[in-house]
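Heads up, the next two complexes both have chain A, just with different partners, chain B and then chain C.
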Partner chain A sequence: MAEYTIKVRRFQPESGEGPYWEEFNVDLEPSLAVLDGLLQAKDNEDGSLAVRCSCRAAICGSCGMKINGQSGLGCKTQIGEAQELANKVASAAGAKVDNAPIVIEPMGNMPVIKDLITDMESTHWTKIRRVTPWLLPHGEPPEREYVVEPESMIDITQSMACIQCGACVSSCLSMEADPDFIGPAALAKAYRFVGDPRDAETHERLHDLADDPHGIYDCTHCFSCIDACPKGVAPMDQIMRLRRKAGEEGIEDPNAGHAHEVAFVKIIEKKGTLDEAMLVQESYAPGIKGKLKPSKRGIRETIKSLPTILRPLRKRKVKLRQAIPGTHHKLPGDAMDDVKAIYAHAEEHNEEFNLYIKGEEGELVDENVEKGIERSTDPDTAEAK
Partner chain B sequence: MMADQIKVAYWPGCVSRGFTPELHGSMAIVAQKLGIELVELDRANCCGAGVIAEHNQELADTLNARTFALAQQTGLSMMNICSTCQGAQSECQQRLDADSAYRAHVNEALSGQGLAYEKDKNGFTNKNFLWLLVEDYGLDRLREQVVRPLNGLRVGPFYGCYIVRPKERLGYGEFPDRDIYLEKVIEALGGQVVEYDGARKCCGFPVVTMARETSLRQAGTHVGDAIDAGADCLVTPCPLCHLNLDMQQPEAAKIVNRDLGLAVLHLPQLVALALGAEPKELGMNKHVASTGWVEERLTAGAPA
Partner chain C sequence: MSVGIISKVHPVRSHSNAAQGGINAALNPGDSWESHAFDTIKGSDYLGDQDAVEIMTREAPEEILHLEHLGVTFHRNEEGKLGTRAFGGASAARTYYVADITGQAIMHVLYEQLMKYSEQIARYEEWFCSSLAMDENGECCGVVTRNVADGTMELFQAKSVILCTGGNGQVWQPTTNALICTGDGIAMAYRVGAKLMDMEMIQYHPTTLAGKGFLITEGARGEGAHLLNAKGERFMEKYAPNKMELASRDVVSRAEQTEINEGRGFPDGTVALDITVVPKKRVHEALREIVLVGRDFAGVDITREPIHIKPGNHYTMGGVKTDVDGRTDIPGLYSAGETACVSVHGGNRLGANSLLDTLIFGKRSGRDAAARAKRIDYARTSKKILEDEEAMIADVVSREKGSGRRISEIKRELGQTMDGKVAVFRDEAGITEALEIVKRLKEEAKTAYIDDHGSVFNQDLLAAIELGYMLDNAECTCVAALERKESRGAQYRTDFPERNDEEWLKHIDLERTDDGPEISYSEVTITQWEPQERTY
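Right after this comes the complex of A and B.
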């Protein structure tokens, strides 16, 4: 047994007071969970301490919370590990600390109802419903079950593991800046249906998610949701898959996210390193030179970005030449040959390796890779039979 | 790697030679002062910054396999000076290392030029300057090199997402303190660490062209939080973060509707200052947010 101090951010709406911190001393094995510590404090010290929980085994998804600033499940975080992290954070900028309080807060990006209980409805569930989280199948349902190739489902097994705990929503840094962002949980759920071979509305779903200015191109690629998720769903990876599929479907979005991606890929193919000025131009006004007809947004955004490039020009941080799209140098000739060969190789065979598989050589990998390796990205072959 | 003579295959990245040229110059100065020999990979290509992976993962993996192969040709481990390069390259390396069949397939694309990426060849690693400084150079040794202690300069660390997450990919199993290295370096240089909310959050740069307001609200909020916590400046190992925190700072100020004006230093600049380099040779006069206050603090506090 070991003693721990847990410092809980508390709030009772009926009191009329703001949130406050309260510390509890608990005594338990380091391998037990932070949630066990909270329940001990509730049993022994204050029965009014409010926390949502049920299965205590990382299955029900009820006990999402922030522990030392990290979003996760109270039942899946060992209190001994939480203590180590608290000590590390406390001693980052100075003397070593051995028994820093373990800081426990309600989830972020959601209103707090009481203590550690957040309102999942107003953010999480509303956004989940936003993405039409059910199957929209082709025609009449079959007489018996749908039959699909097992390989065609590999693509969505990761997103199917979601237990709707909200930890990713709590951790989302885009949502902190833009509460309207559809967010990691809902977009991972969207991919679960976009990638499902039984679904008939793939294109419409992708269009919807790309057309929304708070949709797939509002994700800031910060990896927070990947580290927060207790089930390995990696929501950000699913968002990137949605972007890739939307791109493959040729969907032009109002945020010009697809234009940005295409421009980036083409610039590296042409020059080997990044022509930053060209990327900016192509992201705002794709093909401006050819079409002479940039979008209204393109013109507006280009004007908005002018001061940003004028300031460094004035300071001679950036040379005038660098600010002109297309003047960036290429890598030397034979290096460019390498780059071109790489592009040809990666794009020619039109196969996608199963890049979900993670693990060291020899572990759990081989069989799945062999299966996944031949998986075609052509949606037609993944169609339900 | 011998602790007393560090020599690395050096990948400076695109942005340090593009819109933040002062970073590339400062790294050269600080390497010379520390005695780190840099063998620059001037024929290597862009890491893809996660954007090429979004388009085609295999393409990104192969482009970075080429960079690793070029580094391995030198017989040295690799060093970068960009959190985004670190994250994008670590992601590709993780996939390449996990699967020999995939690695062989990727190497096929490099074979025409006689290049190949080999897992663990001569203990190959790819480390950001921050990691190298703490893990290979050593904080005690760094402390000994300080000739102009930062004298309590209040510095807010700003890591960049790609160097702190996902933990499982970025070697945190072996080096669990990688997300507190900036604090350790600031302290070793004689500075005072400023704690504020944004140190490990996102600068917003990846979406600056797509969702400008979301992006600049992030940058503006973190800069504002650091000011409120009493920071004299921020320090970052990521030039892309620097673009949003420094070059875009006046625009970010408009979005968050408050005055900002906080100097943002590249990590090699902060280290080089403590090692005696002059702000001007480090290109600090070229930053958008004035570094004048930092220079004043340093000279005012300098021992007689």
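Right after this comes the complex of A and C.
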């Protein structure tokens, strides 16, 4: 047993007063959860302390909250770890502290109703409904099941693992800047349909999410949602997959992000390092075809990029020689072989960032052992890999 | 037709989320509903009603396909068709699944459909039911509710009411069940005179974490995990030489408890579940949730070392007595899922039959409830019931601090008492003692006070009402467990260790009176499977 001080941001809507902080001293095992601490305070001291909770095991998604400023689930954050983080934060500001209060607040990007209870309906759920969150197959269903690639079901299971707790929404920096951003949870939900081979509206869904100024291109790639998600859904990854699919469907990306990404990958594949002088033209007018018949947008964007190219030249951060496309050197032969090997590896493991396929980070350490097991028990899958 | 769903939590928070392993159906070529039915009946220790089991197992394949068509992301085999895994007590691999989040996947897909049809179905999310409304003819005509968000009380008039409020696991501590599983529907039905059945039949799941009681899916054993005692012996060899770890849950739980009681467990009162024998790739694909539970709640990497587990409270086989269309003894009142007792599970539920029970009898209840609603007119409801409820709540809110015990104290004592005395092994002395404690706690609950006097999200008040529900559930379980003087399924009486078909092949029904539950019996329906000795 250990003693902890939890400092809760409280708000009692019927008191007529604003939010305030209250500290509770609780006594529990370090391996128990922050939620257990809150419930101990509620059970023993103040039953009016309001917090949604039910399963205690990170499956119902009720207890989203901020702990030491980080969004997550109260039931999944061990109080001992929360204490360490609280100490680290407090020590960073000055002298070493070993019993800093663990700070608990309601989730962000949502109105607070009472204490740790937020209004998820007007924010989270409204955004979920925005992405047409139900399967839209064409025609009558088959007599038996839909026959689909087994991998496709495992692929979208990562999105299905979402428990709608709102932690990602709470942590989303883009949504702080643009409250209308559809957001990480709803877009991860959207991928569950876009990636579902049974859904017949893939193209329409992608257009809808790409054309909306608050849609898939409104994400700034900050990784907060990936950190916050207690279930490994990695909403940002799902958003990036939506972008990639939109690119594959020929949907124009207002930020040219997809074209930029393709150009980047191709240049490095060819030269081993980045030839920055080629980046703009390859992004907007890729390959010979792109240069012979540039699109209107390509020309417009290239002209718009000129000041960005000229500025470093003027400030002499870049020499003129370096700014001429195509003069950038290639890596020596054996180094290029390494680059090629990396590309081949990446190609081979294209879909393996899905947790249902590769497991958690760090579990890859003994990948070879794992492969050995696979070969001996499941030759088909091992071969496919 | 006007349909509303009232739920005390947002629907996706409901406890069907926790059904990890899967859902059974005889859908594979070579499998048959008769085989599924027989396994279910044998699993029930012949207390399941065979007509109901036949309906459930016959309708199961169609239900799986329906869910698949709605969008549930069921696991596929190499041909891209629905794939299965093995589960306890089953003679074929007939469990369909989504990794180990099957219940969550199904519930979230059904919620997708609710959003799709939101024009036709009204959702009352975070509305708490405090009692059922009855008309002068003794028919159910609605529910009294409290809007949790603002505390307003509302009487919902209804021609049909279906109770699907889950089980009563919170009566035991620890339990795999969520904090919301407080037996609300069972108690509300009991209070208006509906009969309860098989209330002694409480399932202890073989693999729960010590301490908080979290569930490790039976799917782990379905994938090949072993159970080991502290000496490293695969002890199920002694208790179920054929099915080993995949015997029925009551059998496995008793085996574990025996090992623990006889000193072959670990010092923390557990035995070990060894998942390291399952190939790692398979663990990531099919048991990922368990990897997380092990890591986050036990500090164990299940792919590298065994995890300590013990039997823990898990499922309410008993509940509100219904027929195969969900009808209770009270016209207009229906029940389905864990709240109800049709009974398909009898003395012991097979793994992956609970989602199936809920879906099949939920559907059938819905159909019959709709037919009734089309047939009849609204009853006249009196405002008095709403006033009574408001008065009850005013009484709870007005109790002075220190006037009695805290709600949480009573709840804790109840949970520990039930887990100590009405669990895997039971006897007359223990159950009697538990019943006396429950009666005392019922008295103490009348003066227990709360801290929150507000209207907005007054969770303190709801906990007080839930405590009342839990105490009614506990009393009924004790009375029925004391009455059944034999060992069958989850009810194991050390003072009556044998199954006794001659005297006890019957259901125990309970009806509320002012002096406590009144006992009667009803017959077990047997269609084609005569009771046999049960070995695995």
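Throughout what follows, the second predicted complex is superposed on the first by the 251 of 385 C-alpha atoms of A that agree within 3 Å, B and C clash if a C-alpha of one lies under 4 Å from a C-alpha of the other, contacts with A are read in each partner's own complex, and residues count from 1 in each chain.
Definition applied: a residue touches a chain if its C-beta (ideal position, glycine included) is under 8 Å from a C-beta of that chain, and two chains touch if they have at least 3 such contacts.
All of these numbers come straight from a predicted model, not from anything done at the bench.
Undergrad: Taking the superposition on A as described, I'd like to know which of chain B and chain C A:Glu145 touches: first, second, both or neither.
TA: Only chain C; A:Glu145 stays clear of chain B.
Undergrad: Go through the superposed model and pick first if A:Gln164 touches only chain B, second if only chain C, both, or neither.
TA: After superposing on A, A:Gln164 lies in contact with chain C but is clear of chain B.
Undergrad: Quick check for you: in the superposed arrangement, does A:Ser54 touch first (chain B), second (chain C), both or neither?
TA: In the superposition, A:Ser54 contacts chain C only.
Undergrad: Identify the partner contact of A:Glu17: answer first if only chain B is touched, second if only chain C is, both if each is, neither if none is.
TA: neither
Undergrad: Would you sort A:Glu3 into first (chain B), second (chain C), both or neither based on which partner it touches?
TA: After superposing on A, A:Glu3 lies clear of both chain B and chain C.
Undergrad: Would you sort A:Asp27 into first (chain B), second (chain C), both or neither based on which partner it touches?
TA: It touches nothing on chain B or chain C.
Undergrad: Could you give the residue numbers on chain A that contact chain B in one complex and chain C in the other?
TA: Shared contact residues on chain A: 355, 357-360, 369-370, 373.
Undergrad: Which bits of chain B are touching chain A when the two form their complex?
TA: 14-15, 17-22, 43, 45-46, 48-59, 62-63, 66, 87, 94-95, 97-102, 105, 108-110, 112-113, 115, 119, 161-162, 165-167, 176-177, 180, 183-184, 186-187, 193, 195, 201-202, 204, 206-207, 209-215, 217-218, 221, 247-248, 250-251, 283, 285-288
Undergrad: For chain A, which residues are in contact with chain C within the complex?
TA: It comes out as residues 12-14, 31-32, 42-44, 46-48, 50-62, 76, 78, 113-114, 117, 120-121, 128-129, 133-135, 137, 141, 144-150, 153-154, 156-157, 160-164, 192, 196, 198, 231-232, 355-360, 363, 369-370, 373-374, 377-378, 380-381.
Undergrad: What part of chain C is in contact with chain A in the complex they form?
TA: Interface residues on the chain C side: 9-10, 12-15, 17-18, 65, 68-71, 73-83, 98-99, 101, 104-105, 108-109, 112-113, 115-116, 125, 149, 178-180, 212, 214-215, 279-281, 283-285, 288-289, 291-293, 295-297, 299, 303, 406-408, 450-460, 463.
Undergrad: List the residues on chain A that touch chain B in their complex, please.
TA: Of all residues in chain A, those touching chain B are 88-89, 92-94, 173-174, 176-178, 181, 213, 217-224, 226-227, 240, 243-244, 247, 255-257, 260-262, 264-265, 268, 272-274, 276, 279-280, 283-284, 301, 304, 307-308, 311-312, 315-318, 322, 328, 331-332, 334-335, 337-339, 341-343, 345-347, 352-353, 355, 357-361, 365, 369-370, 373.
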